[in-house]
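The following blocks contain the structures, represented as structure tokens.
You will see two complexes here that share chain A, one where it goes with chain B and one where it goes with chain C.
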Partner chain A sequence: MINIYSQLMSAANKSLFGLTLGPQNESDGPFIMGNGDFFIEIPVAFGCSFSDLTLTGAMGTGLPNAAELIDKGTEVGVESRLCNAIKVATYYLEAGLLKTPDMIITTNSCCDAMDTLGNLLNGYKPWAHIPRFNMHAPHSYDDASYEYMGKQLRQAVKFMEDVTGRKMDMDRLREVCIESNKQCQLLLEFQELKKAKPCPAEPDLAREGAEFKNWSKDRISPQVTEWLEILVKETEKQVKEKKGIEGVDEKIRFLWQDLAGSWASGTVLARLQKELGAVCVMDYVSFGTWTPVDLSSEEAMFTSFGKRFLLEDPMNRQALHTTDLFCNDILQIVKDFSCDAVILPAHIAHRDTNSRIKVVRDMCHEKGIPCLVLGIDIWDKRYMTPDVAFDRMKTFFEISGLL
Partner chain B sequence: MSAFDIYIKSINDVLEELKNSGRRINVFNVPSSCSELPRTIPVNIGGNANPGIILRQDTYVELGNPEAGSSAIMISTNETGLINDGRITLIGPDIPESADKSLPFGQVILIGGASLDDKEHETLQQPGFVGDKIEGYMIRSLPQNIWSRISKDGAAKGFNFECLGKALIYLYKSENPKIESMEIIFITSAKDDVKLLDNISEQVRKISKEITKENWKIKGYDIDCELDCSSCGDKSVCDDIRDVLKSRKKKGLVK
Partner chain C sequence: MDLIKNSEVFRKLSGIAGTINNSGIENLKKEGGKVAGYTCSFVPEELLIAAGFMPFRIRGTGSKSADLANDYFQAANICSMVRHCFNHILTGEYDFLDAAIIGGGCDANRHILDNWEKSDAKIPFLHRIFFPHATGDLMVEYFRNQLADMKAGIEKHFGIEVTDEKIWNAIKLCNEARDLQKELYSLRKADNPPITGAETVDVIVAGNSMPKEEYIADLKTLLNELKNTKVEDKNYKARLMIIGPCHDDTSMCDIIEGLGGITVTDLTCFGAKIIYGRVKDSGADPLQAIAEYQVQDRPFCPKNLGAHPIISKTVFENIKDYKVDGIIGQNMLCCDTWGGELYILNKELKEAGIPMLRIEREYIPDSLGQIQTRVQAFLETITGGTQ
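Right after this comes the complex of A and B.
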């Protein structure tokens, strides 16, 4: 049966794939390419396309020929343990499959693989003539860092203005931020609703919503706002009627402390939900911590952008900062969303996260929270198959007394 | 634990500033013992007192929406005399008069206990400490800010800031018997008034971070380092340095 949630999921997916794998220049304006997230409100307000090459690679690992793409990426000669999403992006770049951008904007990033991709992008000879700008993100989260990062983003705008010969319309940027603030509020509202027991809607819709807002063809548009309003309204109804996810008898709630990647949602997580009533109420990427963009002045606006970039972009939050922040987020999610267990997928390429495994394990042990370390490749299911991951998680739930 | 004492004075300075600028101030002096408090609170408190979610349409007032302004500070001290036990100060409008509004929200919790230590300060600061323990009151999940809702049902039962303050005093004191005195300040007057707390909050956060770092170090982890000590190749070097420091300390060569 097709319910409203399936319709929402399908609309968001269509728009997401439409941008990342379709023609990369959807608007008439200039086309910017980067190695990671930019503050997306900026290109939207400037009327240009922005392609995050990491995301393009990640989407590639969700295609039917993913294994072939990953192997081709490996053949390019990058380090063998490099993240497979980045390997696919590298292959796209080196094989000349990408549309030539008008500008390149890269940043040092939360992830060593994304940094490598930035270096490859900047050193790619056929694009040597293309103007480029490299932002420097500090690995800290305080007011001085937000201000510093805000200034970097302001300089990136100046760079875009210099290359194109046209000015950023600050009123338009403000308008885009108002819409974006509205969308963040709705995403946070949906997040609150996921606290209900049983979980009232497919929790992955939070991730889907965040991606639809930032990474799709319709990003920051009123269509996204409308999509989110429907999502929240329908889920409020479910909460009021104390209804859970259709066809799921919820028995366990758990946190998946990493990206869901390209295969886990549709395989192991879906099976756990359906067969065991084990619901993944939160993954790290769908944990929204957005504060609204401060629109009181241009400077305040850019400082807000800096904060969003450094602390509130999910993967930056997860990987760029201290173990203390990482652990506190786990505790907050477990408490607020009534999680019975923590799963550390320990994606093989997330070396930053994997260096924290022992700390997290000790903390969970101290607090009496069952914790399992999987050790999968979130982009390549050949490394640990969904069936093996399912069996390990099922056994873990059984021996923890949760099943 | 005296590291925070200077900021208690800073908070009093903010209160004075707001008083001098003519803000409406209400002070409630409430009983401060855990045995007396629950009888004076019009809603249920304790585990699962508020099991549900307060939906948008069931919300009487929202506090600390990031767009309206929000700041939360928790300070603990061993100098119990610095704290006016059982005092709740409200600067700005109260809940009953704010139906359907989204108010800015500043919350300052001052805790005194002669035997409180760093570890307890860290525990009291843990996210979600109050969680679902006050009927009609829901704290939303947003790290570093306090953003909450009061339900229409709660408001109908007489939920106001005096009630919230009492509930917080009860919950903190019952959680930790070492707490001897508690004082609470709420600011709802204006976003700019709440902003006056930001600088203090930032400084308090820095000290708390140092305390957390030290507590992790005791367990053998350096949380500024991406590795844990037991898996670090340089562990023996650090161990040697620690031994040297210990022996120099013994000899009185370092403080």
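Right after this comes the complex of A and C.
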């Protein structure tokens, strides 16, 4: 069983690294560089490759020379407490290490740091001649906002058409959405299976699936669907057999309400699982609320793109909106996934989470849910080392009577 | 002229800028008037005035500690401007407010509303408003809708009607204040300006802290005094421009001016940015006029993905118009967007041979000595150590 899971992980990982750090092939079509999220079904249907520079920076922090890259990013001198993923991305940009794109598409989602990177991309002189399109991801989530976002995505398509002289094939876009809908459904099924006690699968698999779907070179392809189908099938088996994660004696279930970044999974979370039986059953990038893209008309399709972009994909849902939404999600996850505790890693550069600590703490206190605010740098383990983070979490579980 | 000694009207404005509550507000409240606080310069004062409020730009002036706010906002990772403002909210400094409109400028700022709602600091009416992070027709329409929501929210809560006529009148009033403020800035183009940078900060900050009509009258008096003042030759070491986000206190100008330089202009969220241009004051739809002004016409905040070209253009125009010798680019620690903008600007200015000193600081400066040393070295670089 574990072999199938690790095979899945390595397949997804290979595809992920292949896109962001490897060379772009001519066959990949026109190359769009973005500072963050884009509604990925669009470039896929258009036959474009899309590179998210934030992701490239984040992946840099997982490389063996991460510390050196982060320090180089800091030396660039943008802002000393800027997210280290963005600092590394800035270093790549300013050092001229990135392939020149054919188009630039920027957005403010999901955070100020990504907004900053968007402006750095827009202000990068050697690329001043490259056509660009800026999008506004509003901090509001209602029908009008989805429509607004959908209209912008439509304009983005028009922009891509103007730059390349090609036309978007709307039937192809529908096909891609059908595949993407299938994948979202499979992610939801996997999410549902993870509610089982004991938790049947490693915490990283859901994130890996979402990343494979959206951010890899195989994004939205049938390979991703197949990958997710295997994941769901294997997990169903595990649940039927009431099997937990291999080698783990599950005692504590917790929510990790942030990214695990480039180091926490393999260090703190793995040790907690193995040594204490404390399993991260849900996290910030695994929790999605996807609904199928409405394919009934072109207009409906774009509006539901807007909704998925703003509210249903995990990162934007958690970072762009109100503390109420953030807190309600925590409560829902705690209930549905039978969590014993909430960890707020509070990545130091997450201005949004760092502005919510008291409200989340108070809410958890009121509901009797043990809550720990860690304050780590998810990209730089020198800030709070994995050992210190582990000790703090262990002590927290002990004090809360969970150990 | 030493304004604090010689001008009564300046003393009044400076006093208002140096505190939160002031006698003007107290009198207004006694007469049944209402005050609305707001964060971020894109929250339109015009709409608040039209709704019968005196607008007050929320600031952390006089704060000695952000201890209470630090429970809500992690101190090391959140801008201290936001934390000091929120601390004031928690300690009751803003209890005189009848309403507050929180602008979703940056990630930290927009959470003032969420935290305010959950705190014990009660306020009759709280409303959030979001500003687009990009520019275009769709964004103008989005912001216009935000303004319509704000108007509807106020009307419903306070049982009033904010007519187009009232908004047009408020637009005219705010334009008049802006025009006078621009006139004040123009005086600083002189070799020996009749007003220093520090004094200007006070005059501009007071403008968002008192009834607009009263401010306009005071500003006219002050301008009159300044125009009739004979200014002696000061032989300043350098003429500087300050660029960055919130700059509502005089500490940076005090340092510059204490070392023999002078601040002649700025591009900051409490300064030149809010006096830029004019809102169209007639037409079919006043909300559309405000939306166009805020989204399209003004030198945008760097949270806007299209802001840099207009910021850059404005900075270079100012350098020429105000004969600027050097730039101080200052941002609060953890201010991501301004940090990025100042980095891009710095590169451009370097290419153009204009010196720029970058400073990351706290809202209530805790290392003035260090900043002073850096400014001194900067002034020496500009003058070539000759003065």
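Brief remarks follow.
Keep this in mind: the second predicted complex is superposed on the first by the 396 of 403 C-alpha atoms of A that agree within 3 Å, B and C clash if a C-alpha of one lies under 4 Å from a C-alpha of the other, contacts with A are read in each partner's own complex, and residues count from 1 in each chain.
Here, a contact is a pair of C-beta atoms (placed from the backbone, for glycine too) under 8 Å apart; a residue touches a chain by one contact, two chains touch by 3 or more.
From a predicted model like this one, the values you see are computed outputs, not experimental measurements.
Annotation for the three-chain superposition on chain A: chain B and chain C clash.
Of the two partner chains placed by superposition, only chain B is touched by A:Glu236; chain C is not.
Contacts of A:Asp352 after superposition: both chain B and chain C are touched. Shared-chain residue A:Asp362: touches chain B and chain C both. When the shared chain is aligned, no partner comes close enough to touch A:Gly165: not chain B, not chain C.
Of the two partner chains placed by the overlay, neither chain B nor chain C lies in contact with A:Gly401. In the superposition on chain A, A:Gly96 contacts neither chain B nor chain C. Of the two partner chains placed by the overlay, neither chain B nor chain C lies in contact with A:Gly247. In the superposed model, A:Cys111 lies in contact with chain C only, and not with chain B.
Look at A:Asn328: by the touch rule set out above, it reaches chain B but stays clear of chain C. With the complexes overlaid on chain A C-alpha atoms, the stretch of chain C that clashes with chain B is 115-123, out of 115-123, 133-141, 295-303 or 331-339.
The residues of chain A shared by its contacts with chain B and with chain C are 322-324, 352, 355-356, 358-359, 362. Interface residues of chain A facing chain B in the complex, by the touch rule stated above, are 142-143, 181, 185, 188-189, 191-193, 195-196, 236, 239-240, 289, 291-292, 322-324, 328-329, 331-333, 335-337, 352, 355-356, 358-359, 362.
Within the complex, the chain C residues that touch chain A are 71-74, 76-79, 82, 104, 106-108, 110-111, 114-115, 118, 130, 132-136, 138-139, 141-142, 145, 302-303, 305-308, 331, 333-341, 343-344, 347, 358, 360.
Interface residues of chain B facing chain A in the complex, by the touch rule stated above, are 52-53, 55-57, 65-67, 126-128, 131, 138, 140-145, 202, 206, 209, 212-213, 216, 219, 221, 223-224, 226-228, 230-231.
Taken in their complex, chain A has these residues touching chain C: 76-83, 106-108, 111-113, 115-120, 122-123, 125, 134-140, 144, 148, 151-152, 155, 319, 322-324, 346, 348-352, 354-359, 362, 373, 375.
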